[in-house]
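What follows is a set of structures to go through.
Here come two complexes built around chain A, the first alongside chain B, the second alongside chain C.
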Partner chain A sequence: MRARLNKTWVLFSVWFAHMSAYRAEIVIWMLSGAIPLIMMAVWIGKARAAGGHTGGFNEQQFAAYFLAAWITQQLIVAWVAWELDYQIRQGHLSPKLLRPLDPMWEFFAGHYSERLVRLPFMLLIVFAGLLIVPGTRLTPDIWHVLLYTLSVTVAFFTRFLIAYCIGILAFWFDQATAIDDFYFVAAAFLTGAFAPLEFYPPALRAFIEWTPFPYLVYYPVRVLTGEAPGPEIARVFGVQLLWAAGFYALRSALWRRGLARYGAVGA
Partner chain B sequence: MSHTDHSTTPVIQVRDLEKVYTVHEKEPGLRGSLASFVRRRKTLVRAVDRISFEIDAGQMVGFLGPNGAGKTTALKMLAGLLHPTDGFVRVGGHVPKERRTEFLKNITLVMGQKQQLLWDLPALDSFLVNQAIYEIPNDEYQATMREFSEILELEGILKKQVRKLSLGERMKCELAAALLHRPRVLFLDEPTIGLDVNMQVRIREFVAEYNRRFNATVILTSHYMADVTALCKRIIVIDKGHIVFDGDLSALVEEAAPGKTVRLELSENVSDERLSFYGKLTSREGLFADVLVPRNETSRLAARMLAELPVADVTIEDPPIEGVIGTLFAGTNRQAVDAVPAGAEQAAR
Partner chain C sequence: MRLKRYIRVLGIFVRASISAQLEYRVNFAVNLFGSLLLAGGTLLGITILYSDGTPLGGWSYRESIVVVGLFTLVQGYIGAFLYPNLNKIGEEVRQGTMDFNLLKPVDAQFLISSRNINVFRLTDALVGAGLVIWAASGLENASSIGALLGLCLIVTALTIVYAVWFMLSMTAFWFVKVGNVTELFNGFFRAGAFPVSALPGWVRLVFTFLIPVAFVTTVPAEAIIGRWNAGSVLGSGVAAVLLLGVSRWFWTYAISKYTSASS
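Moving on, here comes the complex of A and B:
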């Protein structure tokens, strides 16, 4: 147990140092994920044009929703599909495979510690957003922040595992990242980053509810903003954990089969 | 190394090991691309073809062979990176492809062209990661670091960003990172590639010292023959996926180059024809001449040359190992024996 804690601590601290070296690039990546902020302006404009409300949302509710959606999108971002794809095809995975630790945990530590590098810039942007739309209340109390932290952590792990499964496909295909590009398009529409799911046609929403996408952004946002009542929060956690467990099992199965095909090129 | 590690059991056991790759082929140009788009042509490449050998604990073995011979593929199968197509392989009693923790804690594979150090951080950070992953106790880590720092002269470079290090400095750090957990089996694939002569010597000395200290088993591949001759008594030569030689380095030289070179410095000019009477004249520059003679007749022929020719100085040498290996790969070792002229045998009588 002590050795495990030590591993975790060392991996996070070393990867935090590594990610800190890229802090300027990280800010630029953050700005490239600004869709929720743009949509916030669009929907607030629409609410103003409709006399202050549209679809049950006022300006402050739109601001809270999209600011929370932006934070969530920032916290669940995962590039491991690209990293893994490259390392498998170029043989750079080999040194990691020689060590008695599943390489996934090192990638995970890199992603997780990168969140800490993002955090100060995120808080700055959220603070600016709250000033621009006076009266916006992001969250009702600290308990919702804590519940959100749990929910977004599971959401991040699920997104990370989805990306990992896509990256593993590089054992079979030359360019697995093409599938991750498709994920980005699907996620933009299906996670709720463009609009709250209340605005989607009922049939489409019913379909989306059976996918993992709303549990990555939409539902964690509802937890943070206090829109989700207690029973819904419990259901969201349950479904989130099921998706995470499902993708973890899929990742393990793909990994076992993929390793048998590893070419370990180069060297 | 493991529960199955007995003094009589070889650390590395390989029987009929085979690796077959599927390779996609495409003709160049647009037509080739279109044809490949519709139907990809696949060919099977037998990189390692049913090789067998055993290596005892503490042995240092040189893997030699031309590019593409299958050396690195074999090493990667032994290290568990590649899954064999067929055959039996055990390293310290473990099946490498299962990559069990106990196995991984006892091996290392150093690849001259692949790095494990984190590029943007000092090497010390990568060492700390390895210390945690391999669960190396603090006192053992400190002792190993002190030892490695002294032998590899790491002082002053451990706190520099890896990307700011020279190739030699980086390679020393890579080697230290790979051996920090004191593995008992070392797979070294071109560990001195691209390094200057001094650095090559230092790395060699370090590997030799490590072998002595920990009774480590070492398999080494290198294009620098000096690495192999300095470290390995036993040589396994692989060509086109097959083992073509497995034995002592001296036996390899005898088998592949059954001749020795008598290097003469003459005090006065002698015709090429007269020198050729004793053996094959391989080099002639003024009063200097190299004569290749059959190995088992070397002393008698050298004595006759001393008695019958105006010799100012004479030395007898084995042919350079590079040449021996080249001859072996070219499959011309037998021709080399035949090339020694019949006159040499007559002269020997």
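Moving on, here comes the complex of A and C:
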């Protein structure tokens, strides 16, 4: 047990050091994911034009929703599809397979420790956002922050596994990253980063509810801003865990089949 | 005479790019699907923003779709012409292969801006142009003069995008490690999917003067829907000439500081 803890610690601290070296790049990536911030401006403009509020949201509620959506989007980012695709096609995966550890955990440690590098700049942007729209309350109390931390962790793991499944497809064909691009476009409009789901046409919303997308941004945001009542929070956790477990099983099945096909380029 | 030579060189680049990419024909289907997904998503977004029946920043639903079309068109332009060329600058500076570009008997800026064309990404431009034509055909105030002016303004818009993208990618001469700096543009350009008047107060000023997104989609769209004003048309032209001049100056400055990789 102790040896295992020690290994985990080494893995994370090495990756944290690696990611800290790329902090300037990370800040640029953070700013490139600005959709929720732009949508915040557009929806606030709409609320103002309508005389203070639209669809049950006023300026401050839009600000809280989209700031929370931006944080959430920042915390669930995963590029493992690209990394896996590259390593499979270039044969860099081969040495990783010789280690007594599933390569997924190394990618996971990289992603997870990168969140720590993001944190200071994230707090800065949120603070600026709260100053720009006076009277905004991001979250009611510390309990919601703790519940949100759990919820967003599961959301991140789900997104990571989705990206991992897409990356594994590189064992079969060379357009895996194009599929991740499709995912990216779909997620921009279906996770709730574009608008609170209340504004979606009912039929479309009913469909979205059956996909993992709203459990990646929309529902964690509701947990943080305190909009979700107790029973909803419990339901959200249940569904989130189901999606995470489902994608975990899918990734294990795909990994076994893909590995059998792996030709180890350059080995 | 010189111009003729440049056109001939450009023709060779285009032919070489096309023949290199025709090998991967599946890419065409993949990219077309991606373009339709992007346009569909952006349209869905506009539909949601209009679901309460009130106009967005004084623009009707159809008028906003002209903006969406231009946004998609510019994405295609970036993907087809800018990304495959300018985003290689960083790698070339790092490896020192930039030397070869500087030694060729054509202007080096022309060379590094036109060598590769990703023909398949033109699907975005096609889908975008289709959206603009479809939306404008249903508008009363759209006229042929407006369309012509719109076309000129699209040219100035693409010039602005080129100049900004080029300057961003040239930071690679100093910050070799920061290879993704053009992603900054991508992030902020998302605001170009909406008419700039939809943004509140000072945010609108930021996206007009600090980051010239307004000139890229809103101003050409105003001309197409027959609502242009002399101020923004003139502003667009001035911004294009100014930014192109500054980017040219920045380029000469950057290569004067370039010392190759191993020296």
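To be clear about the criterion, the second predicted complex is superposed on the first by the 266 of 267 C-alpha atoms of A that agree within 3 Å, B and C clash if a C-alpha of one lies under 4 Å from a C-alpha of the other, contacts with A are read in each partner's own complex, and residues count from 1 in each chain.
One rule holds in what follows: a residue touches a chain if its C-beta (ideal position, glycine included) is under 8 Å from a C-beta of that chain, and two chains touch if they have at least 3 such contacts.
Since this is a predicted model, take the numbers as computed values, not measurements.
Peer 1: Please indicate which partner A:146 is in contact with in the superposed arrangement: first for chain B, second for chain C, both, or neither.
Peer 2: So A:146 meets neither chain B nor chain C here.
Peer 1: What is the contact status of A:116 with respect to chain B (first) and chain C (second): first, second, both, or neither?
Peer 2: neither
Peer 1: Just chain B (first), just chain C (second), both, or neither: which does A:263 touch?
Peer 2: A:263 sits against chain B, while chain C stays out of touch.
Peer 1: Determine, under the contact definition given at the top, whether A:49 touches first (chain B), second (chain C), both, or neither.
Peer 2: In the superposition, A:49 contacts chain C only.
Peer 1: For A:234 in the superposed arrangement: first (chain B), second (chain C), both or neither?
Peer 2: In the superposition, A:234 touches no partner, neither chain B nor chain C.
Peer 1: Is A:206 touching anything from chain B or chain C once the two structures are fitted on A? First, second, both or neither.
Peer 2: neither
Peer 1: Could you say whether A:124 touches chain B, chain C, both of them, or neither, answering first, second, both or neither?
Peer 2: After superposition on chain A, A:124 lies in contact with neither partner.
Peer 1: So chain A touches chain B in one structure and chain C in the other; where do those two contact lists coincide?
Peer 2: After superposing on chain A, chain A residues 22 contact both chain B and chain C.
Peer 1: Flag every residue of chain A that touches chain B in the complex, lowest number first.
Peer 2: Listed in rising order, the residues of chain A that touch chain B are 3, 6-7, 9-11, 14, 17-18, 21-22, 91-92, 94-101, 259-264, 266-267.
Peer 1: Touching chain A in the complex: which residues of chain C?
Peer 2: Residue positions touching the partner: 26-27, 30-31, 33-34, 37-38, 41, 44-45, 47-49, 51-52, 54, 56-57, 175, 177-181, 183-184, 186-188, 190-191, 194, 198-200, 203.
Peer 1: Which chain A residues qualify as touching chain C in the complex?
Peer 2: Those in contact with chain C are residues 22, 24-25, 28-29, 31-35, 38, 41-42, 44-46, 48-50, 54-55, 175, 178, 181-182, 185-186, 188-189, 194-195, 199-201, 204.
Peer 1: Would you tell me which residues of chain B are touching chain A in their complex?
Peer 2: 21, 72, 76, 79-83, 97, 99, 101, 104-105, 107-109, 111-116, 118, 120-121, 125-126, 128-135, 189-190
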